[in-house]
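After this come two complexes, each holding chain A, first together with chain B and then together with chain C.
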Partner chain A sequence: MYKKVVSKGCLDFCYMKVRLDFEEGTHAHIDIVAFKQIILEAAQSMFGLALSCSLIDVLIYEKSSRTAVLRIPNINLSKIWSALSLYSNMNGLSCAFRILQISPHLMALSGNSRLMSLEVVEH
Partner chain B sequence: MSAPMDFNILTCERSTLKEKIKMAHRLGYKAVAINIFIPELTQTSKKKKSQQQDIAPAKSLKLSDLELQELLGPTWKSFRQLTRISATLADVQHNFVMSTDIVQQYDLVAVQPTTDKTFYQACTALNVDIITLDVTEKLPFKLKRTTINAAVQRGIKFEFQYSPAIRDSTLRKYFIANAQQFVFCDIGKNIILTSGCEKAMELRGPYDVANLGSLLNLNAAQSKAAVTSNCEALLKHSESRRLNKSVSKVEKLEEIPGNETWLLDKLRVHSSLESVNGGSRDIAGIHGIDSSDEETSVDGPAAKKIKLVQT
Partner chain C sequence: MVRFKNRYIVCKLEFGCRVTLPDLTQDAVYRAIATELQVLHGDYGTACARKYPNLTVQYLNPSTNLVMVRCSRDQCKQIQSCLPFVKKIGEVDVFLHTLHLAGTIRSCMKFIVRYHKSQLPLLMSECRNPVERKKVQEMLTDSCADSGRTLGLLERSTTSQ
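Coming up: the complex of A and B.
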């Protein structure tokens, strides 16, 4: 029924949920190809060809909220993360990548306790 | 990870400032310092009085409680605002301004030295919390381990701003180069990473900033400390800067000599005031005073009213 899997050391891949934010009031329509292009551009401007050649997969992309799940080799995680967080300008529009969740297991990205909001009842 | 803080939010128009604070709160910062930056300390310092009027009083920088509550919603109480003043130091002679009252009233005092001499002075003599190292150009002075150690022993932290690195790729180069150079001298322990942002979009989340530390040759623990625990240490340092040199002592109430019984009276008035304000529980917890006893024996002598809980 259930199988217990024990992994030693770090896993090969890391999964990262990112959102691309623009300033309020800008309307940018970005499809999945453009999104990946932006990520490669960010990686290349920071670390050059060596990093942008490495494996970066966009697994899911939601166009309305510009949220994506990326699959990244574990050794490159820190580099790509910093490349994304230093990226700020897309064709003159200021933008920012918000890294929402990072996990070595894809399953862990299915839920996020930070999105839970508590209702405040005021008397 | 303990509470992350961002100690450099440049003051600007009210609406932009609010936007920045809202963004910082949303990204998970628990405290921000609103920073007023004085680029030229030397020009106005000839006339001391006019100089002092130039610097805005610390309280005017902060948002009022009402504004903050409107901005951040129900969790506004856990969010701290601090004030910070920073100035460039070009000349050794003009630094008396840093020790004036109006400057010392700020929660945090930072300086940005531009020459060898001022850097040395800031590290060894000046009464400040933070030394900002410029990341927009090559460091104008040589970093010496002895000088830095002197600053470290006095509890001063060194600050690097990351938002110039976000803005522009050449500045990014200097940011990384300068910071790496510093980390080489300092072993990476006394750094804080702050934003220094002009727009709300230039803010990054605390974990992102901590990850940037890995670019600067910091290890994971050090880069987390650069956003959290080093900032906390700074708060303590700023408190000690504003107090005069003082010592606190814990003593049993029964052993207090006769000529100091007036202290007990003071303490009683203080704790009864607190209980009116609803804060008696905290005070009693700290001082080990049984507040219920105090209320029952109102008519007794002062020394009996406050009883130490024997533990």
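Coming up: the complex of A and C.
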């Protein structure tokens, strides 16, 4: 049966799916520790120590596509979002963060209809 | 038109056991606060402090080590949070002790006058010889006699029109 769920007020945490893109032809190997370091660097340059000391967790990290799921407190969401968006240079390499999805529920990041592909089966 | 909302913070510079430094300038104090703001609140904090009403040191009293800092009302919390982290002005160890927060220069000046007056009796206990004691006593009586006039400058004129 269909049931409408309306959540009022925000939850404590927000989950964010981000991808780190480099220029074409750059081969950068970034592991989970370096990835977190880059995020903290971005936060610190934009909003200083006040933001970089807040909770930023990397829950899942996929090394091949440099995609990660972050868990951040809801009050810092817009700050971290803007810090990541404005980050453009990592040790002289041009890079950019792409924010793919944001949700207060982790479950919502498990599926993405935008990535769905239809398979045509011929009989 | 809406006027710009400012906040004025009165701080006392504590040098520990050092004597008052003669080469203390408003610019040096500003730079010390701005450096700390950059570390604590990053580019965003620094950029906000440069937008009018920007962060400025409005008043510095080198003999009593009082400093008045102006900032915008929105940024007041940020500035206040970085004041305790200021550790050096130039090459000198220092810390800032926030005394008062006000919305206008006028009320800040009133506070400064009141503060200076309250500090005079404390000077009395530090006197070593009768000459110093007499000098402070004179200053005390002067301040009592002068208070009406000093505050009169700051008070709005109450003459009936």
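Of note:
Operating definition for what follows: the second predicted complex is superposed on the first by the 108 of 123 C-alpha atoms of A that agree within 3 Å, B and C clash if a C-alpha of one lies under 4 Å from a C-alpha of the other, contacts with A are read in each partner's own complex, and residues count from 1 in each chain.
The criterion applied here is as follows: a contact is a pair of C-beta atoms (placed from the backbone, for glycine too) under 8 Å apart; a residue touches a chain by one contact, two chains touch by 3 or more.
On a predicted model such as this, the values are computed, not experimentally measured, just so you know.
When both complexes are superposed on chain A, chain B and chain C end up sitting side by side without clashing.
Legend: residue contacts after superposition of the two complexes on their common chain; A:Thr26 is shown touching neither chain B nor chain C. Looking at the superposed arrangement, the partner reaching more residues of chain A, out of chain B and chain C, is B.
Shared-chain residue A:Ser78: touches chain B; no touch with chain C. In the superposed model, A:Val120 makes contact with chain B only, not with chain C.
Contacts of A:Ser45 after superposition: both chain B and chain C are touched.
With both structures placed on the common chain, the touch criterion links A:Ser88 to chain B but leaves chain C unconnected. Look at A:Ile99: by the touch rule set out above, it reaches chain B but stays clear of chain C.
With chain A used as the common frame, chain B approaches chain C to a shortest CA-CA distance of 5 Å.
Residues 45 of chain A lie in contact with chain B in one complex and with chain C in the other.
Of all residues in chain A, only 21, 23, 45, 78, 81-82, 85-86, 88, 94-96, 98-99, 120 touch chain B in the complex they form. Considering their complex, residues 44-51 of chain A touch chain C. Considering their complex, residues 27, 74, 165-167, 169, 172, 199, 201-205, 207-209, 211-212, 214-215 of chain B touch chain A. Those residues of chain C lying in contact with chain A across their complex are 37-45, 81.
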